[in-house]
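Structures are listed in the sections that come next.
Look for chain A in each of the two complexes below; its partner is chain B in the first and chain C in the second.
Right after this comes the complex of A and B.
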């Protein structure tokens, strides 16, 4: 029996079904990559650069080789000839983009603390670790480039062969004359300069892998803690020159990714190469501090935004200019991440004139790449801070400035000035619901009272309205962005002879609850119990086609593919039932898993019975193929556009700078919801992660390029004790771009919450003349802001 | 990382542990492991031998000794937090223990381990300082008592001699007010600055994370004793101190926090 939290209705979708994944996860039974038993396995460990930028003078591996149990030690030079190509970057954003060749092991130079320089194979993981400690590398240190603005000057060029630290300049300038006109006619112009600090994604499970050469056939099975088994398979084949059909990639239980496992990593390519070389299974598990150094970071931008508005506060034009930190090299999607936000610097406001420019710059730090929201949190932060700056300058309430600028409901589908078509939206009721829920006018009164009493406790209320483009993505749109893959998703739905249903999906869940949600979609469509639906995923042998899980795409793209494949199965089943009941297909009704002849209660056939008939094939319509199975590959016609309003309330202690998040309301519109409990979980986790960026988290490097926040004692991920209970609400504006009217919810919370919290902090400090405070808004920063002149 | 390799010995009695420790100057005592093991995993500590005293049950107790409470060194933070006796007689200590780390740390970490580690950023060493407690240690040449105020010598350095183990912590029953002000960004973290104030006859004040060792705020205490106001006493909070600068706070900010928190601690203590 599937447990249902609330009383059931006829529809399966929309119910708060408990996640079928959770009993295993909560009791420790789920198998993560490090739990997979394997005999005769070699343990891999990596020697990493302790410096930010240096020439490698020499590597002495003799002591390591002498350790009993060490099987092999390899340097970049040893393996250089085995790479068919450098590590892949799949997003060449401009034709002249500069991309330094980057191999799994550094050959002559290192360019960030954590860059891999040598690899050890040993019979035991502790021996491997000891061997790593015994390897002596002589470095000739070079001055590192750590600051983005300094990088742009090219005074020191990190990769001499490129001649510059600028990887690319990407501009979206639809109509400069119009933009100039908007600014020159504006009654108000406000400008903001905001820093998006570097973040360490910090998935609960670090990365890890196990690669097993198969006993026959020349195949390799790679188990990896990855979000992208399908893409990884293709990229390994291309990079190592191995036939794709010899590679099977499996993602077992994966403990979170947040974009950091949407990549092709040096360790995956190294392990593959060494398994090929030694013929042995190889295991590697990343350590926590290693994760902070060697797994991609997120964000890392300096943003400048200018808003031009008329005397009513109506925004006429927006100019956004970014410097984006690529880190030392380009990983899989590094250059494209800031551009995913490039279409959204006007937020959900009707703005006629627009320009966006992004300069991608190298620094001697860990490469950046996708991190929950990828470009859209940055865009939302800039516009929502900008709207507050405008409201403040004009003396208008932040809620009112937003009301005056929303894209009105009647303008949808809305063609935005940067060139997107927002398929749907209804922003005003969503804002009003959030204001009502938080008790906005009462809070403003309370704030006024405290201020008039000269209280040392300062209340701040911060709004953030957001829209995102997600459901990545229409393949043709990706082509126009020079992304080198499509954005479709594949699904197969299969009725087994016993009447059970098997769903094969190309999505790769790593905490999202796809098994539960996908079963609900199929059960809902077929009128059967979700327990009768099994969902298979994350194994390229089982699901040969797939584009995996990221960008809040799995439901609106992968879920839609399942919905449509289920429809095809149902159509075929109807023909079989009609044939056997000797009526026309259109004379059949289908309800609760049974076909029945309209107007007759006796002539009926259960779906399971049809499935068995399809299997035996004894009595099928002429020309019909046996078995009941259908595949759909769905390429969405457009992105989806979830939106919402988040309101944060903070209390600041003037004496210490201490900031407490005391209340948080979120009203999100993610379209139709398959499982509202899973939706809430995604929103809550996302809010927490965004609060982390706003108040706590930052990857901090010292002036030599050492990462100072490489453990969870220094890198402050918030826990439940730092967060209030989130009060959630929903509005429902179904997306017209897919048949279920769904949009996706994976990133929304994380997109909306940083500006809500910072707007609240700045609101609290406005009586001290504070106009902005960079993230994370630590107590010391706040205290300094209060006491600045 | 994995710790460097080490020998592991399980001590069955305190005498047993002392004899191993006296013979091996590369040996370290393992109690709850919550301070030592993280250092070993980062390879910042690499003792040759770990002497595990965690199984010595007779070192875990909280007893009423009339004029004071005696606490066995292996008593876990969780037990101090929830002890009825302490809640009655030294509620200050129960409260401080409730703020150490998170629940899993409090279930493993021990008061003796925390004090012997002598970290200037830890809560319990400063709490015992403010209580002006006595520390009973046993070594190869027998038992001795060290005043808490003389126990913390330098960065992670205490008055414990070779082969000596902290056995018991003795704290007075609190007759007056008390306060513990812990300022941090996340509940699970060490204090950025902490201030403990306890009135047993006179008011004693100690500071967390304001130097390399847990510190008594003597200048503050002196000002109070001489009839100074809370404001005047708080102004002296960081007199002569050189607090650390780190990712959470500069030295200057710490000095400011110390003043604010001493003020709050004294206000709360003297109001009771």
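Right after this comes the complex of A and C.
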């Protein structure tokens, strides 16, 4: 493992430092948005469509208005002149992409169950929900479009003004002739059709907000349970036509996000509009069943993948074709999410010919958007299922087919056929470590034994090797993808007069422990105690610049910005120390928080002292500005490419179809690690979410478009009893794209685990001739697969 | 209706509506906001508190049912000498990420370890079945509870 640069004789990075965030979360002191006290606040509640698709004939709000304590009731018609712009979509993926205008409240028609049609303000939360219940909306129901393939036919067009249900067709076809040649010369061609079911992200804290206007100054402070305070602020300004200088957005403690809070939501815009209208503070807290309808869903794709391989099982070409469910409207990043996987359908294999096509389609369901992994879990699933299909067809062990196809170590940096440059990788030892850890050959033996005994218990072993592109993102690459923002991150590092350090970051953590890790980075670089470093974030008036937290970007982009800013501070400190010690800057050494003159133990100056000198400015080099602080805005030169191998072992009961996940091994390579304890936590949580997708979770709609899984009683988020302990390991292949050699870890577990589990399930059932089971692999589906003729 | 409760050792007498849930009494009337709400079907356990020492989901109990009873919330766990051993074990074993499920997990663990001071891993998992966490994958939560058991004298 190459080390992160340090000035500390006792390295801080790489240690399992306990999180400074924890005490207040553990004692109930932490303030989530619903915990914030506010006097004289109005409670907002929303009338939502109970049907999937309808014309709004009339809305009768008279009964609601008559309730004591109701302050206002508004429909889409009442407010429509107040929106400057429709709800924002920041990713116009093709020049002709179709994007239906979508406002915080529906005006004439509703297009999914949960679409907002009216809003109530009341003095009390209970009164507000009573008022919502008393509002009568007359709908003329229209036939909904719920199925992707049916949507593509345009037999029923959801948004008549668009003339089609196809939002866009996006293709990446670097060399079709080469691809055709690969397929025509192939000894083996395997095809898979896989359904990526819709998922409900289900952060344990639903969304919520509190907006506090200062009527006299015209300023607004919005506290929102969001991952993106900075982006939200800009989007509110643009959508509502309010000067950005009047808007402050604060993300207090946020109870998980997983992409679902990476959005600009109707409720945020509504609350802003109504706070402006009434001059009063407004509070809204989403209920769980509302969250299932009104917060974006994830996944929702039908994938077709074809692999062409030569007689040795070497993959020559890959063709991937997706239908992607946008839901009823495009939210902030909806159309771009499937494309984030579009470059990775060849996984970590050296494949010369490639094509990818994605058709984005509207349906009468909740809009989809980013959910942990966003596009990359889907890509990984398709290729890893594909590799198993190929191995099965050729009668080769799944580990062996992967070995034969890995991008070899010597080929890094590797230019992939879809056009990425993989920064670094060393896949083979990673796979071997995982196989060894799980006891692969022993498990195969055990499987053989059970099979030869005709046991009703079926053992399955599933491999998944993954690579992901994360660290969103080089701004120029985002430009080429038509994304309407950059991918940089900002940081300020400031030495306070007392020698303590203040770090201001543009990242917006919601469980990732940034305060702890960022302090470690600075402490290491400055050779000081991390307790002397304070980290400020998630408040646009404290941290005015930033692009927030998603896409496993915070460390490799935001952490790098902090690392660089710390370096600048150190450079300036060196100038000051040299000036005061009357030596040349090059003659100084820096270690453990002290500058000393090389070869002399007497001539020394502590960093704290330098900070004080910078503050008093009594004796600085001529022309030097007072105070010791630096800002860096880091735009990464490339994505980072973490990788790893996950192996799931399942036991299936032939009589019931029950699957038990009995063992799970994950060996991940996320480059250098700042805090291995936090890294492991991220992986474990991601694995659990991916297992949830593989075995339990699905947003189910009935044939009229009613969501049947709107509570946690119906939508099966895994509990502790459904999961085993995870056995983790690491390899370390630093990224050359940033000075700390870090890669990012937030999504890895969730990317790797669904194919590992499904490959294990299919492996267990292979004796029944089962080739695939769609997710979630429920006992019912498994039983049916076993008992099919 | 008037109710009297003892919460974290302090007595309270308050006026509540018959339909007020215990969790809303705790959060909105007493302003003890450490207890969280994560669902509307008593599925998540984020609202778990101790009622006379036993864990209950406070969204399934009416405030009036707590009349005359003793309640402990997450705010009542730490003492002047510092974090409760369960809280400490959660920090030391990284048993929390966003922290939203954490108060409920800690309270559920407290009641469970009282009943079963030296549990197995499987028993811990079963005991926490009604408490959902979306961040940690439970691995470190289970580890935390086992470590707390050890610390509190129940190690196996």
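Everything below uses one rule, namely that the second predicted complex is superposed on the first by the 778 of 789 C-alpha atoms of A that agree within 3 Å, B and C clash if a C-alpha of one lies under 4 Å from a C-alpha of the other, contacts with A are read in each partner's own complex, and residues count from 1 in each chain.
What we mean here is this: contacts are C-beta pairs under 8 Å (C-beta built on N, C-alpha and C of every residue); 3 or more make two chains touch, one makes a residue touch a chain.
Keep in mind that what you see is a predicted model, and the values were worked out from it rather than measured.
> I'd like to know which partner A:677 touches here: chain B for first, chain C for second, both or neither.
second
> For A:485, decide between first (touching chain B), second (touching chain C), both and neither.
neither
> Classify the contacts of A:658 with the two partner chains as first (chain B alone), second (chain C alone), both, or neither.
first
> On the A-aligned overlay, A:142 touches which partner chain: chain B = first, chain C = second, or both, or neither?
Touch status of A:142: no partner.
> By the touch definition at the top of the document, which applies to A:23: first (chain B), second (chain C), both, or neither?
second
> Between chain B (first) and chain C (second), which, if any, makes contact with A:708: first, second, both or neither?
So A:708 only meets chain B here.
> I want to verify the contact counts: of chain B and chain C, which reaches more residues of chain A?
Answer, by number of touched residues of chain A: C.
> Who does A:287 touch here: chain B (first), chain C (second), both, or neither?
Once the two structures are laid over each other on A, A:287 reaches both partners.
> Contacts for A:721 in the overlay, against chain B (first) and chain C (second): which applies, first, second, both or neither?
Both chain B and chain C are touched by A:721.
> After lining up the shared chain so the two structures overlap, which partner does A:133 touch, if you call chain B first and chain C second: first, second, both or neither?
In the superposition, A:133 touches chain B alone.
> Touching chain B and also chain C: which chain A residues?
Residues common to the chain A contacts of chain C and of chain B are 287, 289, 711, 713, 719, 721, listed in rising order.
> Would you mind writing out the residues of chain A in touch with chain B in their complex?
Per the touch definition, chain A meets chain B at residues 125-126, 129-130, 133, 287, 289, 655-656, 658, 695-696, 700, 708-709, 711, 713-714, 716, 718-719, 721-722, 778-780, 783-784.
> For the complex, give me every residue of chain C touching chain A.
27, 31-41, 43-44, 46, 73-75, 77-78, 83, 87, 90-92, 94, 96-103, 106, 121, 124-126, 128-142
> Would you mind writing out the residues of chain A in touch with chain C in their complex?
18-19, 21-23, 25-32, 34-35, 37, 202-206, 253-256, 258, 287-289, 510-513, 677-678, 680-681, 684-689, 711-713, 717, 719-721, 723, 725-726, 749
> Which positions of chain B touch chain A when the two form their complex?
Residues in contact with chain A: 1-2, 4-5, 42-43, 102, 183, 185-189, 192, 247-250, 253, 256-257, 260-261.
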